[in-house]
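Dropping the structures in below, format is structure tokens.
What follows is a pair of complexes built around chain A, which joins chain B in one and chain C in the other.
And then the complex of A and B:
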């Protein structure tokens, strides 16, 4: 079993290489076609035209586009993603500094989305045929129609401003100093043995994670409900009833196991979208992750940084998809036969 | 080494999270010995010489010191320099440094650090914006640990002003040379009133009082600068008590907070001008069209509509209180006169002249709205403007490539208030700020750049400011305002250039 999972994982990783190359080439071309001159942007405003030309040559921008891409690719393979125009620091190190915060947020949001999605899906299924079906159905459609940034604003207003029970700026309360170990603040606070930091970090994560989770949970809810409907048409459900099992045990012990598989696939796909969704939520909550960095980079036409962040998003999404596919094989015996 | 989580700590974490942790009372702005400031932008780097970013200036001023400082009315005052003497020809400047200044690591600050900052690291090719502002520096002759003479390749009449302006912060030579630039960027040290205690990119800057500071000690021991980029989030943060003060919030919020008992809300006019940068070619080659475009703009209406009337309408590129401000000069809003100018060139509301117009959206408060209002004002007199949005970062590149349209809505910050950095830079055809390349105005500017006598220089700029507006080479609109909301019991020193300095803050009794 493990062998087939590992094989699939390896195959998927190999398949990701050409995808990454295509995405990086596309990104590179699109950014070079934009009416922005990275050479001019990387110099102070007082630079002369001659200085800009010299810089352009220095950056290899006078070379044909394919050659420029190959130079970039060669450097990228050596870990050099270029220097950020805005920060005048390596774009790779900027991404490395901010990626843990985004991953932490995305994981918490995914957990929230999964809990809400599975809970909501079970509720939707349980109230089928009752007077509550219409209400819950409408509620799930309403949830589906609210995007993550709107959830962000609603939650900020209700829990941050109105009720004043949760913080909504940054990752930590002003009086606390962040332990710099892995960049994952929850983990770092545990490693440092600091309960106060852990609690503060957790408080700061709740609203952005909930905003993302609420936006991505309705799809999980609705797919789970549909999968449960399908599962209930299978013979083993009727057999379970004949064996005298309670409806609750049939739902949780038998139907849910089978209905969870397609839902898991969807959750994996959703995780990719959710990761991209961190962009606006991070800005709203002043959360210092990669999304915030991307917004900065776009605002300042910081092409090397846009390229690096864009590529990182692509790598993360491909990795997530690979892991989800492998998990699917791990959980579904039918797929292991081949 | 195996790491083990103590059971007690683990239990604390779990219980804390499950219970009070999640929805407990939130840690809002700190106590009376601390302040939390909601700030719109992070610093670009911890090398204060590296990038010219006006927003970062107050943060740098907390950690680093400048050779010369400015008082709240913008007058130059001694700081790290006890005195300076710019020669009559502007080619040398003798300086004397204080001898009681130490960096945060205890190293003494001397003229070697001064020479390193303004000459050596520039010549060494480090990528610094100061390489441009101090490119005239040929040498700095060190005479003693406190005395040196700067030598310039051509007259540098604004050298003292630049000592108090963007990027001019003294950095520690020995520390950077021994620790390396990367380590300096990670753990920067200056001679300023605060030490950097903690920094998280795009999130927050934590400063702790430098108890060994040579100057007046800050009253507040700990300052947290929370980076909150979204204006609405900054408003929510001050409303909920998560920050004690914040800046650059929408004008309507200032009006709302002004009615609340616990807050003070301010619209402070600062040394920033909002103007139209214009070209001297395309449809604007015609002076009649340029003057018509300027006379057609109702600046008072713009101020009332977008800045609650607090932004002062300007007739010249200088703000009230600065040396080259022309209090007796007016450029009236007169749509009839505008129509007459257009008629001279055979244009009218029925036969409008077509021009391009660029503006940023979100770079400064209400920028795009102001541009749209101007388009409507122009339309009434016979100017049809095609408005396009550009990113602020692209202005210089478009200007270099002569791709800007006839007019561009622009905001220009000049913390010194010196006229060279207002009209001088904005109209100098050799500099990338100016869209105007005609030499009738341009030569006047270039000549002024080498006038070392202060009074003569200021008089020259006053004439230039008037001439440039009357010939349609620039269209100043408004003095910009800095919006600020703070807790009423948090006092600070108000600077005419909009600096909000943590070291000037204190809690009132």
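And then the complex of A and C:
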């Protein structure tokens, strides 16, 4: 069983490599044809033309484009992604510093989306055929039409400004400093035994994670509802009813059990979108993750950083999709036999 | 088709949505007549005024002023103009490119289909937000650039959904009959295949308009959208975000505006989907 999981995942991962190569080449080309000169930008404005030319040669910018790409690829495979023009640091280490914060937010948001999605899906299914169906139907359309960007702002306004119960800027309250162990703040605060930091980190995570969770839960709700409808056509439901089980027991103990796995894997595709959605939520809440780094890089025309961060987003999204894909095959015996 | 139109116009969802969209469109079209001030007029003596009915409000600025003393109502109205322009042109542009590629891809199949299919795959492995940020960086700011960026990101949405529809339609008997009657490929595509996909196209365009409004707001919010002298809802949010405590209404109003526009386009799309009987299993986000 375990070996088949590993080979399956490995095969999917291999299939993702060509896509990744094409994506990185495209990203490289798009950023290189722009009328921006990274050599001139990485030197002080007082540099002479000869110095800029020397720097261009030094950076390999006088080579033909395919050659430049191969050089970049070779360096990237060795872990060298060039250095950020604006921060004067390796772009790779900047990403490594901010990635844990973004992953932490994404995981919390995925948990929130799953809880909200399952709760909402059960509710949608439970009210089928009743007077409430119309209301929940309209509500789910309305919810579906609110993207994470608006949820972020709405939650910020209601809970941050109006009710003033939760903080909405950054990752920690001012005055607290982050213990640097793994970069995952919730984990680090526990490892360091600092309850105050742990609580503050939670408070700062709730709004952004809820915003993403709310935006991505309707998809899970709808899939769960239709999976439940499907499950209710099966004979075991009627059998359970004949055995005298209560409707609640049938729904939670029998139908949900069978509808949950396809829902999670089908809705898993949403997690890829959710990860890239963290960018906007991070900007809204000034959350120091990869999203703010990306926006910063774009604003300052920091080419190596844009390239590295952009590629990291693509890699993570591809990775999430690969995992979800393999899980789907794994949990669905019909697809497993090759 | 006329039957479908009248059926759509009797649907409460479509009617409510069209009413809302008409209101926003009127604001956009007649902005210079409705707006009490020039949206770029700064009035540094009266910055961050509350709405006129609140204490300290000035009747000259019905919804108050922003951090540069610009009239919030006027900026909302002119912001509608920006949002609607982007919504209309970006969704039509994405539709044109996406459906053209989908038509030739689904109709001819074979190598063309393979190439277009792979292009869509690679394109979609870029997260849309990242792709649009990179494009805006390359194109520079401006209303036309925002439209172009959205077209370049979202043509895949049309291409993917429409392609499978075209493949189904192409296998129908009347398309084969048209070919037997001596129609050229172009005639068959335009007269027989394309009309069959119109309900799906209309539905997709109205949903795409909602997406375009949001993307425009996002790009303006991070300062990579329209030029800074142009009013946009996203810009208003970014400005108000810095002064939330002094003037919360400045944050709330543009959020409401975006919400109403997005909900209206989505409601329209949903109503059309139901009345035009469009199968739209999975369109992604």
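Observations on the structure shown:
Note that the second predicted complex is superposed on the first by the 321 of 338 C-alpha atoms of A that agree within 3 Å, B and C clash if a C-alpha of one lies under 4 Å from a C-alpha of the other, contacts with A are read in each partner's own complex, and residues count from 1 in each chain.
Operating definition for what follows: a residue touches a chain if its C-beta (ideal position, glycine included) is under 8 Å from a C-beta of that chain, and two chains touch if they have at least 3 such contacts.
Note that this is a predicted model, so its numbers are computed, not measured.
Annotation: superposed three-chain arrangement on chain A; chain B versus chain C shows a clash.
Contacts of A:313 after superposition: chain C is touched, whereas chain B is not reached.
By the touch criterion defined above, A:261 lies against neither chain B nor chain C after alignment on the C-alpha atoms of chain A.
Legend: residue contacts after superposition of the two complexes on their common chain; A:165 is shown touching chain B, with no touch to chain C.
Counting the residues of chain A that each partner touches, chain B and chain C differ, and the larger count belongs to B.
With both structures placed on the common chain, the touch criterion links A:173 to chain B but leaves chain C unconnected. Judged by the touch definition given at the top, the superposed model places A:277 against chain C, while chain B stays out of reach.
In the superposed model, A:323 makes contact with neither chain B nor chain C. After overlaying the two complexes on the shared chain, residue contacts for A:157 are found with chain B and with chain C alike.
Touch criterion met: A:301 reaches chain B and chain C at once.
Within the superposed three-chain model, A:237 lies out of touch with both chain B and chain C [touch as defined at top].
Superposed model on chain A: among 60-68, 96-104, 168-176 or 258-266, the stretch of chain C in collision with chain B is 60-68, the rest showing no clash.
Residues 153, 156-157, 160-161, 283-284, 295, 299, 301 of chain A are contacted both by chain B in one complex and by chain C in the other.
By the touch rule above, chain A contacts chain B in their complex via residues 35-37, 40-41, 44-49, 52, 86-89, 94, 97-98, 153, 156-157, 160-161, 164-178, 190-191, 193, 195, 198-200, 202-203, 206, 283-288, 292-293, 295-296, 299-301. Taken in their complex, chain B has these residues touching chain A: 3, 5-6, 9, 12-13, 16-17, 20-30, 34, 36, 38, 42, 44-45, 50-52, 127, 129, 131-133, 185, 197-198, 200-204, 206, 222, 224, 226-230, 232-233, 236-237, 239-243, 391, 393-394, 396-397, 400-401, 431-433.
On the side of chain C, the complex with chain A involves touching residues 121-122, 125-130, 133-134, 136-138, 210, 214, 217-218, 221-224, 237, 241, 244-245, 248, 251-252, 255, 258-259, 262-263, 265-267, 270, 284-285.
Within the complex, the chain A residues that touch chain C are 19, 22-23, 26-27, 30-31, 33-34, 141-142, 144-147, 149-150, 153-154, 156-157, 160-162, 219, 270, 272-273, 275-277, 279-280, 283-284, 294-295, 298-299, 301, 306, 310, 313-314, 317-318.
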